[in-house]
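Chain IDs A, B, C and D follow the sequence of writing; residue 1 opens each chain.
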Amino acid sequence: MVYAHSFWPLAAVMLPLLATVPIMLSGRSPNLRESWTLLAGGGMFAIVASMLPAVLAGGGFVLTLAEVVPGVPIQLRVDALGMFFALVASFLWIFTSVYSIGYMRALEEHDQTRYFASFAVAIAATIGVAFSANLLTLYLFYEILSLSTYPLVTHEQNAEARASGRKYLTYILGTSIGLVLPAMLIVYHLTGTLDFTHGGILAGKASPGTLSLLLLLFVLGFAKAGVMPFHGWLPAAMVAPTPVSSFLHGVAVVKVGVFSILRVVFDIFGPDLLRSLDLGVALTYFVSITILFASLVALTQDNLKRRLAYSTIGQLSYMILGAGMVSAAGMTGGVLHIAMHAFGKITLFFCAGAIYVASHKKYISEMDGLGRQMPITYVAFFLGSLSIIGMPPLGGFLSKWNLLVGAVQSQQMVLVAVLLGSSLLNAAYFFPIVYRGFFAPAPAGGAASGIREAPLFCLLPLSVTALCSLLLFFYPSVFLQLVQRALFP
Amino acid sequence: MKQVQDRAQTRAVGESLIIQTAVRLMVPFIQLFGLYVIVHGHYSPGGGFQGGVILGASFILTAVAFDLQTSLKRFTERTNAIMGNAGVLLYTGVGMLCALLGGLFLDYSALVRIIPMDPVEWRSLGIFLVEVGVGLAVMSIMASLYWDLSSRGELDEGL
Amino acid sequence: MTTSNLHLYILAAPLLGAFAVNLLGRLSRRWVAPLTLGVLGYATIAALVVLARVLRDGTISYTIGNWRPPFGIELVIDPLGALMLLLISAVALTATFSSLTSIERELPGREHLFFTMYLLLIAGLTGLALTGDAFNLYVLLEITSITTYGLIAMGRGRAPLASFNYIIMGSIGACFYLLGVGYLYLLTGSLNMADIANILHGLQETAALATAFAFIMVGLWVKMAFFPLHSWLPNAYSLAPSGASVMIAPLMTKVTVFLMIRVMFSIFSPEYEFIQHAGVQSLIVWVAALAIVCASALALAQRDLKRMLTYIIVAEVGYMVGGVWLANSQGMTGAILHIVNDALMTLCLFLAAAAIAYRTGSLGFDSLQGLYRRMPITMAAFTIGAFSMIGVPPTAGFFSKWYLILGGIEANQWGYVAALLFSSLVNAVLFFRIIEIAYFRTGEVGHGHDHGHAAVRVEEAPLMMLAPLVLAALALIAVGFGSGPLVSGVIRLAVPGGF
Amino acid sequence: MQGIIAEIVAKYNYWIYVVLMMIGFYAMIGKRNLVKKLIGLNIFQTAIILFYVSTGVKRGGGIPIVDKHAALTHGIDPATVVNPLPHVLMLTAIVVGVSVTGVALAVLLRVYREYGTLEEDEILEKIGK
């Protein structure tokens, strides 16, 4: 594959990063500040999209920033897999920005300047992860993302936020320093490079035992992917304002974790190596536990955002499961699920936020009959949950279908059972919410409490993302092509 | 800043006519001997350090025989500090001058460029200047060490 | 041999400057600032030129008074020494801006005395980087120590007591070093490092040689506060006036580590330490690992920012000693890079501490509440310094840790690797504890929708303290990004031969 | 036993320095009075200084002060003078020692003014309060 030298990858990362300066400076006039945010979001998506045709045509872009360690530069590279992720993240950021504006203003939140500035840094880091050309660069942006999201998670600055912030950092920083860093150094020690190479770099460099240990270190170390037992931060981080939960903990942060693991599996280990050592199977069984357990826990949660959080934990492991199958359909399904889940889950979080803005309700048990007062929100919620469950005609069906095909192909009937069982559980924890919303009788006295739909700034994004989920079922070609390019160039 | 003379307490320890007279007589000779040791230091036993100690001792002797105040009246703290600093500056300055004039540090033969003399003569003169500098510095330090300690650290200078 | 005197002026400038400050400062205190800054500015530029020259032409040997070595005193400026020169002068220059401001408040009327010692200390440190003579090294080591004793004793309260403990411990260290050099002198009849190395090369291994080596090492370890010989450091550094600690803390221990490298590779040889005494080598790496773990754990127990930082310094000394003793080029590279990085990180953090102390008057954790609002720029710089200590890329601290861990993996010293990772995690806890305190205002009461936040006034430190702090923080990022060229262009040359 | 005694007698001066050094070391570590600690430090340093000076001694060597003209014309027989270098080195070491003592005394003065005592126990007690 030929990579053209270009500054565009850097521009995509730097645009939101540089936008923090005018955002900070224009803290006194919110309208100006928000227009900077939107401008950066739109600009970044435009830059990412402008690189799409070249990537689809089989090309790519590369930019070396600095050679920091012999053989391992800080390097940005746009390839199909990175493009896939960047496209999803930058597209959704625009809607998250719009939604954030609506949410934060409706609730009259404090410190909005800091909020938007941190948000911009976080998206820059996310795009940086997507465009990283090697493990060191990825680690760099991964850490920046961890640190820049701390102010967002602890935005409320109360005792609960403090405790959650601690938990968040303990899990995320602890694993990245304690597990990923040594694993990365061992890889470097073994191979002398950290470059993401199609087919992997580790083949034949170490004993099976060492390789298994490395894989374990990486899968657990990228704790943002929420693989059990390092999943505890995700429910805790739900104290953050809902836009943060929706974007970061529904899309950017957790997907960065999964994306990092996929990168490592595809481009450091390589599917062939995994297959030859049967590590892929081990990986699939390992994450199956997370899938089932998270879905079960989700059933018991009454707090809507926590239920969504556990749902996310389960869904994330689908993606790793797909990669672990090392069959064509399985890997395609796993990668595709990044996008499908992103659109579905962000819709759900947006809806949760909209419900909170409109009614200040957090618990599912309080939401009886709410759907009749907020029909648009609830319809969107319904669509989002269908996508997550994997029902046609929504995007989620495509990825889950591929995963199932992959499981059948590799003759892992256990995995088929896991996938089907989990889908049932998904339905079991999503449908009651919708059912209660539309059909349960409203609590006495609260029926005419004047709850109306959330402001337009909130409503618009969630409608669009729900529609996108729908459209992805019919027009998934861009994403499918990217996945094909990424996996089978 | 209050000068230390105003504050140094009069202590009548060992105040006796015989001692005071003897010291009065001895001090000039001690100082002369100190100068002798310094001046001859560069080619015979002695030198700036030893000479400086002898000079310093002469001030300490005055202070012991009379009191701190008398000693400080003859040789103020300020003069002392200036002399000490000047001594070090003289020492390093000579070395630096050699370097500035194109030679190596402390290579006195480079000083030929100021006054044309035999480089060997200059080596001798250069080390003499250094010894003088060292002597001044050591004298000042000896004196101020004693003052500082005997005044229980009530001098303005010091830590 | 060279006739250029530039490197000598780097040593002479602060020396002369010290006495000029003392003399002219008596006349008027206004002389102090321009003289100190001028002298150090000159030294920094000269050090830069010297470094470029050494990298181009190789090691410079300079004889004082034109007496040829080994009889005369020799100054040797190799790439490592030149790097240290630049580090010392640049860090000192940066720290001085802050010192000038804080000393004006802490020691009013005695600035000229403070800066006399301050400049003497810098001259001593510069001399240590330059000297090629084992005995001169002792004298210069004592010059730096004595001035440090004085500077620390200028602090308030318990500072003199801490200084006295330091005097006792420091003098023991110096005496041990002197004794070791005495043995070497008995064995070789020489004091010039290169000459001793030459003679030792043909010498049989004897108990006397091992004794000499052991005495010198222990002496230097006391001076650099290598655990468990560190007990003097936390008190001394945390009680010193902030104007003194911003310079002493980044430089003293790092220069002593440099001296250890000097002694190990310019007098003795890697073959002697690592092959003939492989057991000792491994043992010392384990002690270093222990040092890192214990010092990190002790840092956790502190409730004062400056004291916490001092324990981190002790842990960092363990990093560097361990890195040197890993006996491979990655570890050595890491150790040397960490000397540079740690000096900058410590500078950044102590400058931040000085700025905070200037405004709040205390560094107890309680007084740090809400600092992100009161001093946003200071805290931003502090955060960068903290990230570097934790080892978050792309700050400088990450890259030296990278090399150190890589060296540990290469040498199969997993205990050391684990200790480094543990210390990174502990640092993360330490600094996020502070960041949390400073970020949350009062902590316990929820005030998510409190609009009174804007009421807190921004009270930044004066520009003279803020500018060097921001500069140090930016330097951390710049050095991080530039660590590739730094390693390949400078440090690879500075790694002593034999690897 | 015989061997050890012979060893000690043969190198009695070094053994004395070792004893001196240990006395100094004990005073530094064991004594609770700060001035005694300082004195211990001085004893310690003195032992090392003596050790150095001993190394320069030769049997039958005189003081290393020679007549300039005689030295220039005939040269010097190294056997007739002791090695002056250790003496010179120790001159510097003495200066260093004096400086350390000076600074230490000054520091002790400040300690005394702060706490009114130089006994470590009493100081620690006062700090503890």
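The rule is simple: a residue touches a chain if its C-beta (ideal position, glycine included) is under 8 Å from a C-beta of that chain, and two chains touch if they have at least 3 such contacts.
These numbers come from a predicted model, not from an experiment.
*Asks:* Between chain B and chain D, how many steps is the shortest route if every step has to go to a touching chain?
*Replies:* When the steps are counted carefully, the minimum from chain B to chain D is 1.
*Asks:* Most contacts: which chain pair?
*Replies:* Highest contact count belongs to chains A-C.
*Asks:* From chain B, which chain is the farthest off, judged by mean CA positions?
*Replies:* Ranked by distance of C-alpha centres from chain B, the top chain is A.
*Asks:* If you average the Cα atoms of chain A and of chain D to get two centres, how far apart are those centres in Å?
*Replies:* 70
*Asks:* Can you work out the whole-Å distance between the CA centroids of chain A and chain C?
*Replies:* From the centre of chain A to the centre of chain C is 43 Å.
*Asks:* Go ahead and note the Å separation of the Cα centroids belonging to chain B and chain C.
*Replies:* 35
*Asks:* Between chain C and chain D, what is the gap in Å from one C-alpha centre to the other?
*Replies:* Computed from C-alpha means, the inter-chain centre distance equals 29 Å.
*Asks:* Two or more other chains touching the same residue: where does that happen in chain A?
*Replies:* Where chain A is concerned, no single residue meets two or more other chains.
*Asks:* Quick check on chain C: which residues sit in contact with 2+ other chains?
*Replies:* Expected reply: 150, 153, 160.
*Asks:* Two or more other chains in contact with one residue: find those residues in chain D.
*Replies:* Touching at least two other chains: 106-107, 110.
*Asks:* If you connect every pair of chains that touch, what shape comes out? Choose line, ring, star, complete or other.
*Replies:* Contact pattern: none of line, ring, star or complete.
*Asks:* So which chains actually touch one another? I want all the pairs, not just one.
*Replies:* Every touching chain pair, ordered by label, is A-C, B-C, B-D, C-D.
*Asks:* Mind listing the chain C positions that touch chain B in their complex?
*Replies:* 3, 5, 8-9, 12, 15-16, 19-20, 22-23, 26, 62-66, 109, 113, 150, 153-154, 160
*Asks:* Looking at the complex, which residues from chain C come into contact with chain D?
*Replies:* That would be residues 135, 138-139, 142, 145-146, 149-150, 153, 157-158, 160-161, 163-164, 167-168, 171-172, 174-175, 178-179, 182, 185-186, 191 of chain C.
*Asks:* Under the stated contact criterion, what part of chain A meets chain C in this complex?
*Replies:* Touching chain C from chain A are residues 65-70, 73-74, 107-111, 136, 139-140, 143-144, 147, 151, 154, 156-162, 165-166, 169, 173-174, 177-178, 181-182, 185-186, 188-189.
*Asks:* Would you tell me which residues of chain D are touching chain C in their complex?
*Replies:* The touching residues are 25, 28, 34, 37-38, 41, 44-45, 48, 51-52, 55, 86, 89, 92-93, 96, 99-100, 103-104, 106-108, 110-111, 114-115, 123, 127.
*Asks:* In the complex formed with chain A, which residues of chain C make contact?
*Replies:* Of all residues in chain C, those touching chain A are 387, 390-394, 399, 402, 405-406, 409-410, 417, 421, 424-425, 428, 432, 436, 439-441, 443-451, 453, 480-485, 487-488.
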